[in-house]
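Next come two complexes, and both contain chain A; in the first it sits with chain B, in the second with chain C.
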Partner chain A sequence: MGLIIKVENLKAVYLVREGTIKAADGISFDVEENSVTAIVGESASGKSTIIEAMTRTLPLNGRLLEGRVLYRQKDLLALNKEELRKIKWKQIALVPQAAQQSLNPTMRVIDHFKDTVEAHGINWSRQELIQHASEKLKMVRLNPEAVLYAYPLQLSGGMKQRVLIALALLLEPEVLILDEPTSALDVLTQSYIIQLLKELKKSLNITLIFVTHDIAVAAELADKIAVIYAGNIVEYNSVFEIFKNPLHPYTKGLMSSIMAINADMSKIKPIPGDPPSLLTPPSGCRFHPRCEHVMEICKKEKPPLLTLEDGAQVACHLYGQGGR
Partner chain B sequence: MQQVIKVSHVSKVFSRGYFKKHHKLVLDDIDLEVSEGDRLVIVGESGMGKTTLARIMAALESPSQGKVLWFGENISSMNKGEKKLLRGKVQYVHQDPYSSLHPAKTIFRTVADPLKNAQKIKGKELRQKVKELMEKVGLTPAEYFFNKYPHHLSGGGRQRLAIARALTTDPRVIIADEPISMIDMSLRAAIIKLFKDLNDLYNIAVVLVLHDIGAAKYFTYEKGEVAIIYGGKIVEMGEGAKVFDNPLHPYTKVLISSSPIADPQIARNRVVEQLRSYEVPERTPQSKGCPFVHACNYYVERCMEQNPCLEAVEDNHWVACHLLVNKDVDI
Partner chain C sequence: MNYFISRVLYLLVVFVVAVSGIFVLVNNMPGDPAYGLAVSIAQQRNVPLDRALEIARNIMGIDPNESLLTRYGKFMSNLFKGNFGYSAFYNTSVNEIISRSLPWTIFVISLATFFSFIVGIFLGAFAAQKRGTVIEWIISTLSSIIQAVPPFILAVLILFAFSVSLKVLPLGGAYPVDVEPSFSFKFISKIFLHALGPMLATAIPQIASWTLAMRGNTSQIMEEDFIRFAEIRGLRDSVIARKYIRNNAVLPLVASLAIGVGYMLGGHTLVESIFNYPGIGFYFSKAIAARDFGLLTGLFTLIVIGVIAATFIADFVYALIDPRVKLK
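Let's turn to the complex of A and B:
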């Protein structure tokens, strides 16, 4: 398995009236072929910004400052629009957040498929289009006859999410990027979507990158987890290692604060304090005001993302330089 | 122990259409009781009627049938004055702390204004009391927040402020509708913990409406009751530990088995039961049978015809399912 995507030192900000929101502050990570990577963080931690910057779909007030996103040695951020269009959807497809609002309410499902195909310069006859769309809809366990000619308002939240996944799979991409695939869905629908993504990954051999705020969802689906805190990756490791032996104090806190059904109820412990505002992030390590192991150096210097001997990556002054 | 809220045979039907001819059954014959110092959590998915139930318990909505008692008195037969006296004893915390707080009121005034009204105090005493309440909910140091506005707080902070405001009338019960759904992951446990502390330290009964079954377990595992609601009906009810360790109703089982597990090893090896259908059909007052029958894997003919009632299977554990109770009737 080789690398398929390599993100290097990605920096993005949002311009707002009060100043600049430093939403991605030097993000670097590698994604291997046929793997599932989860980007886990709280709301407003900059996790969606990473995906938006990678796919160049930042909102109007978003600015990419620096960094590279290498997809098979091609820098996506340096490509011009036409070249990028050739890669998008055919090789990298995106399932946007807020799936409930992502479909055009005045268009039937089939027209969404038609639009996508036309936008990418493919000439399919109506028959071919229906055939391809049906095939993809069956993959997400929807009945094509019932769904293809329906308007989005006739579908439930889980069905809309599945239509979007089918739409993203239409041109058979290598990489599927999903922004919060299970938020705003009920417990049962959520588990259904997770099962579905697991199966898709197995049968299609695609690379999945998804963003979630729910670390328990990441536990079910991901091979590797990147934990984001206030615009920085604080830890990047395989899912088994991260759950068995979390390294960063924030990851540790997150693990003991999740109220999962199988957790030991007497050991649940909330993290003290609030997440920082990204308008005026704390100096040094952005987690230091909430950290129980805070040292002098944490207040002054931002810890680099270190790679430890066993391959774990962590950004914390407790590790490195003989620490630990 | 004194009974605080009793809900007895409550049903709610919403009617729509120009002639109000389309009826939707939202709550179906609900019986609940909350006593002083109780913890109760109502668990269900969206559209199951749990918010309506909470609103009816708080007298923000009136039931179509049945009655609601506050401190032993029927609220529909109370006059305005009587209701006002009791109103402060039953407080409601809204779901979204981003819209439930006045954006142009300072944090001090958000708490102080209702306090002035409720307890007729002012000046130093008022200041002292506001400080006390804010410390109760963990907004410390209180003086630091006095002149700030809600937008300076995070979601968790806002929810704490909303809870402090609810405490101004010295309530005997707090009803909170999805208090953690709009709040960051790392702060959720802290809000549930706060409700637990209020219950433990001040003996305030707490009723939470949640869809997060893990949070429901955290809240009720040591003490308290849980009611699982499906299609406007309580399908299983009982002590937290009993329901979560030994779920009996097919819906509760599915709900527990499909909620995410924070352990990659277990999560990969478990088999999640697939339901027959994930759509929830609308119920009308004329609907027959168990509300879960369309999705249940174990249904029998009887389930299509007859709506099961809640019956005890052990001490403090009730289930409404034909397969589990009335064993003497052949199924």
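Let's turn to the complex of A and C:
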């Protein structure tokens, strides 16, 4: 297993009337082949920005400032439009969060499959197209006969979400990136999708990266978790280690705020304070105003993402200079 | 099918209400509708005016002792038989005038609208794709200015520039008086030459408004999630522009296209009278000037029918092309 994606110092902002939203502030992480990585964080912490910047699909007001995204030694951010277009979906597929409006309202589902196939120069006959599309739709537990010839308005939200996933699987990409794949779904469909992603992970040669605010989903699916706070990765480690031994004060807070079904209510502690505005983020470590271990250096200097001896990565001054 | 029937019934009610309104309005206009015809009869046949009035009323089928309600009943029953009334000024049935003038109006309006729609769609889509550039600014500003110019002012300008000063376009009529109508190239080219002025006056403001509408729709559609998702899937820009942006942006305009043609039937009056073009609008303005109430009522009714038919067609065209309507 080698590295498939290496993100280096990715910086992206959104231009709004009030200023610039610093949504990705120097993101670096590695993704191994055939692994599952979860990007976890609160709403508006910049999780989606990371994957949108990686695939150059930021909204119109988004700007990529710097960084490199190496996919098999190719820098995605340096490719020209046509080179990138050929990689998109065939090798790296991204299922966006806005599943509800992501299908063309005046086209049948099958035509979305057809356009996708044609865009990548694959010459399937109508019969082959129907066969491949049906196979993928069955994988997401949809009835192909009912769905293929339907218009988007005839599908429910969960069905649309699953159509997008089926579309993403159509060309059997190496990397599948999903933005909040379960958040729009009811609990039953959610568990279907999680089950499906688990099966995918086992059966296909596929690298999954997904964004979620639901740490339980991340725990169930992921091999590694990247914890995002206010546009920074604060901790990146294996699921097991992150749950057993969270390092960053924010991760610790996150873990102790999870409610298990048999949890002792008195032990659940919310993190004090509110997440910061990304328009005017705090100086130094962006978590310092809420941190119980805050030191003088935290207010001035942004902590780098350190790699500790056991491979854990954490961005916190508590662990720098022989600390811990 | 249920939808079809309810739609037809609805439009029938609209038709009856609108036509009744016209009837009431025209019948409450000051003056005797037979007076105009009576004067010309009195002059031609050298009879006293009283006698001429009687003759005129006879020709027009008006009984002064009839109640308004009886007249209304007669008017409506005639209408449903396809009889639009009688023109005192032209001394002939309104049906005859319609059959003589409607083809010219439809010829000009439909060509002008079709042409301006196509041009406007492409200009608008182009402007939207050049969002934020000087090109977009130029197209939008020019369109806003041109859209604000009333067609009749444009008509006067065109007439003055091309017919009076440059003398490249004729001064009036649908074809030259000295040419016999035939299916020859010469005659047909003359028809187009005579229609060019009215067509330009009608088309130019329309191009501007289609451009603005299309630009608005297109920039709205371009921000939709399904456009981004198409880009994410690696679709070519040309495919996205055609199947995802343009098709969705044009849909609402197709409906306004049909409605627009209907409304233009009435709105074309001033342009036709400026160019002396013998369409519906030309006779309409003559009817107003000559106080020809019969012709006025008949043409009004025709315009109402035009608008209603256009609405009806627009509904069905829309249902035909937009799955979101079709499936409801």
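Quick note on the criterion: the second predicted complex is superposed on the first by the 320 of 324 C-alpha atoms of A that agree within 3 Å, B and C clash if a C-alpha of one lies under 4 Å from a C-alpha of the other, contacts with A are read in each partner's own complex, and residues count from 1 in each chain.
Methods note: contacts are C-beta pairs under 8 Å (C-beta built on N, C-alpha and C of every residue); 3 or more make two chains touch, one makes a residue touch a chain.
Computed from a predicted structure; not experimentally measured.
K.L.:
Specify the outcome, clash or fit, for chain B and chain C once both structures are aligned onto chain A.
P.N.:
Superposition result for chain B and chain C: fit.
K.L.:
So, does A:Val16 touch the first partner chain B, the second partner chain C, both, or neither?
P.N.:
A:Val16 sits against neither chain B nor chain C.
K.L.:
Return first, second, both or neither, reflecting whether A:Leu60 touches chain B, chain C, both chains, or no partner chain.
P.N.:
Only chain C is touched by A:Leu60; chain B is not.
K.L.:
Is the number of chain A residues in contact higher for chain B or for chain C?
P.N.:
B
K.L.:
Looking at the overlay, does A:Ile271 come into contact with chain B only (first), chain C only (second), both, or neither?
P.N.:
After superposition on chain A, A:Ile271 lies in contact with chain B alone.
K.L.:
Identify the partner contact of A:Ala146: answer first if only chain B is touched, second if only chain C is, both if each is, neither if none is.
P.N.:
neither
K.L.:
To the nearest 10 degrees, give me the chain B-chain A-chain C angle using C-alpha centres.
P.N.:
An angle of 80 degrees, rounded.
K.L.:
Which holds for A:Leu103: it touches chain B only (first), chain C only (second), both, or neither?
P.N.:
Only chain C; A:Leu103 stays clear of chain B.
K.L.:
For A:His213, is the partner it touches chain B (first), chain C (second), both, or none of the two (neither)?
P.N.:
In the superposed model, A:His213 contacts chain B only, not chain C.
K.L.:
Please indicate which partner A:Gln154 is in contact with in the superposed arrangement: first for chain B, second for chain C, both, or neither.
P.N.:
Only chain C is touched by A:Gln154; chain B is not.
K.L.:
Tell me, in angstrom, the smallest C-alpha to C-alpha distance between chain B and chain C in the overlaid model?
P.N.:
It comes out at 12 Å between the closest C-alpha atoms.
K.L.:
Quick check on the complex: what are the chain A residues that touch chain B?
P.N.:
Its residues touching chain B are 42-43, 156, 158, 186-192, 194-195, 213-217, 219-220, 222, 239-240, 243, 253-255, 257-263, 265, 268-272, 274-275.
K.L.:
State the interface residues of chain B toward chain A in the complex, per the touch definition above.
P.N.:
Per the touch definition, chain B meets chain A at residues 45-46, 153-157, 184-190, 192-193, 211-215, 217-218, 221-222, 244, 254-256, 258-268, 272, 274-275, 278-279.
K.L.:
Within their complex, state which residues of chain C touch chain A.
P.N.:
223-226, 228-236, 239, 243-244, 247-248, 251, 322-324, 327
K.L.:
What part of chain A is in contact with chain C in the complex they form?
P.N.:
55, 57, 59-60, 85-90, 93-94, 96, 98, 100-108, 115-116, 118-120, 151, 153-154, 164, 167
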